[in-house]
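There are two complexes below, and they share chain A, which is joined by chain B in the first and by chain C in the second.
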Partner chain A sequence: MLHTVNKSSFERNSLKSCLNIIDDTSVILLIEDGVISAAKNTNAPMIADLAAQGRVYALQGDVEARGISSKLADNIKLVDYAGFVDLVVEHGTAVSWV
Partner chain B sequence: MTTKKFMYLNRRSSFGTVYAIESLEVVLIAAAFEQDVSLAFIDDGVYQIVEGQNADGIGMKNFSKTFHALGDYEINKLYVSAESLEQRGLSSNDLMPLVYEDEDDDWAEKPSVKVVSNAQLSKIMSEQDVCLSF
Partner chain C sequence: MKISIQINEGPYQHQASDTAYQFAKAAIEKGHEIFRVFFYHDGVNNASRFTLPPQDDRNIVNQWAELGIKNADGEPELVVCIAAALRRGMLDESEASKNGIDGNNIHPAFRISGLGQLIEAGIQSDRLVVFGD
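Entry: the complex of A and B
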């Protein structure tokens, strides 16, 4: 499954809720303010293990808009909108943690 | 007209919600009425003034450039929470170099952004007549 998270983990608990539920084969795509969780900050440990397994993606346009391109945590994979579509196709059911 | 001290409290990042740009609009209105305006950036609000934002990829207006105009409206008190920056792995070096020209000092260019502790911010907040939260 593909899980998209669009809220900052400093402001809402959507990422935490998502992490509590997802199975071992799911991947997470951080979009909109969700990409704040892709930066090297005190919330980075939340997704470090998943990222190390190559299962955390972030939408490039949203990362650039927030000026955090040079501050990404390790192992975050950047995708563009076409990459977003590929993830949807590849992982079947998508859940949006709004 | 009576001058009051207005503080605008910015707590959210730029593009995920409409709060940030709306705050900036209201700040400029207050400036037009020649009020004593200061801005505070706490929590994800600190992302509003991070240097190097590029909104081309999301088809939205990069209004962060507008912050550079605040100095010309005599808005030169921008307080940033040190704790909020640190939590997000950011420092003052990651913020836009916003400046104003000091008319009392031969128009010397001076920085508008001050990184302060939450305790200092709390004191500055208590000295305001009006605090508006966005």
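Entry: the complex of A and C
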């Protein structure tokens, strides 16, 4: 499964809720304000283990729009909208955490 | 692959419709089919043909219209939920005349229909992606 998270973990608990139920084969894509959780020195430790397994993606345009390109935590994979489409195709059911 | 999209938020206030549009555009460019886009809740406001943003801003309604998402019969597959639309004052010609109201505001690239269209999109498509807030 593909889980998209579009809220900062400072604003809502959606990333935490997602992490509580995610299985071993699913991946997370951070979009919109969700990319804030991918910035260093924020809540990135929440996703560090998953990121080390190469299972955390962030939408590049949203990362750049929020000025965190140079502050990205380790192992976060950046994708563009075409990459977003590929993730939807590859990972089956898409779950949107809002 | 057949992909459908659900949008739950209106234009300009939330990013949902922008993200969904960029996603749909990328999917079409990659050769996928957007089977249907279903506008639900405040998402129905994406279908107003009276939307007039400043000249240096994107026109989200026209952007959707220009994607030209239609079915084999040439009907638009940008579908607006009827219950969500009517309670927000979003009417097509038929609903306006049925309810004795002297105007309508649904863009011709969109059509009003029921929630069954969302269920059908979920069944007929390989993927359903939800954009909300």
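Here is the rule we use: the second predicted complex is superposed on the first by the 97 of 98 C-alpha atoms of A that agree within 3 Å, B and C clash if a C-alpha of one lies under 4 Å from a C-alpha of the other, contacts with A are read in each partner's own complex, and residues count from 1 in each chain.
Quick note on the criterion: a residue touches a chain if its C-beta (ideal position, glycine included) is under 8 Å from a C-beta of that chain, and two chains touch if they have at least 3 such contacts.
Just so it is clear, the structure is predicted and the values come from calculations on it, not from any experiment.
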item: Touched partner set for A:Q60, first chain B, second chain C, both or neither; value: first
item: Which of chain B and chain C A:V98 touches, first, second, both or neither; value: second
item: First, second, both or neither for A:T42, with chain B first and chain C second; value: first
item: Which of chain B and chain C A:V89 touches, first, second, both or neither; value: second
item: Which of chain B and chain C A:N6 touches, first, second, both or neither; value: both
item: Chain B versus chain C, judged by how many residues of chain A each one touches; value: B
item: Touched partner set for A:E32, first chain B, second chain C, both or neither; value: both
item: Doubly contacted residues of chain A, that is, touched by chain B and again by chain C; value: 6, 32, 61, 80
item: Partner chain A, residues of chain B touching it in the complex; value: 12-17, 43-44, 47, 50-58, 60, 62, 64, 86-90, 94
item: Complex contact set, residues of chain C against chain A; value: 1, 3, 8, 15-16, 19, 22-23, 25-27, 29-30, 32, 127-133
item: Chain B contact footprint on chain A (complex, rising order); value: 6-8, 10-11, 32-33, 36, 39-44, 60-62, 64-71, 80
item: Residue ranges of chain A in contact with chain C within the complex; value: 4, 6, 31-32, 59, 61, 80-82, 84-86, 88-89, 92-94, 96, 98
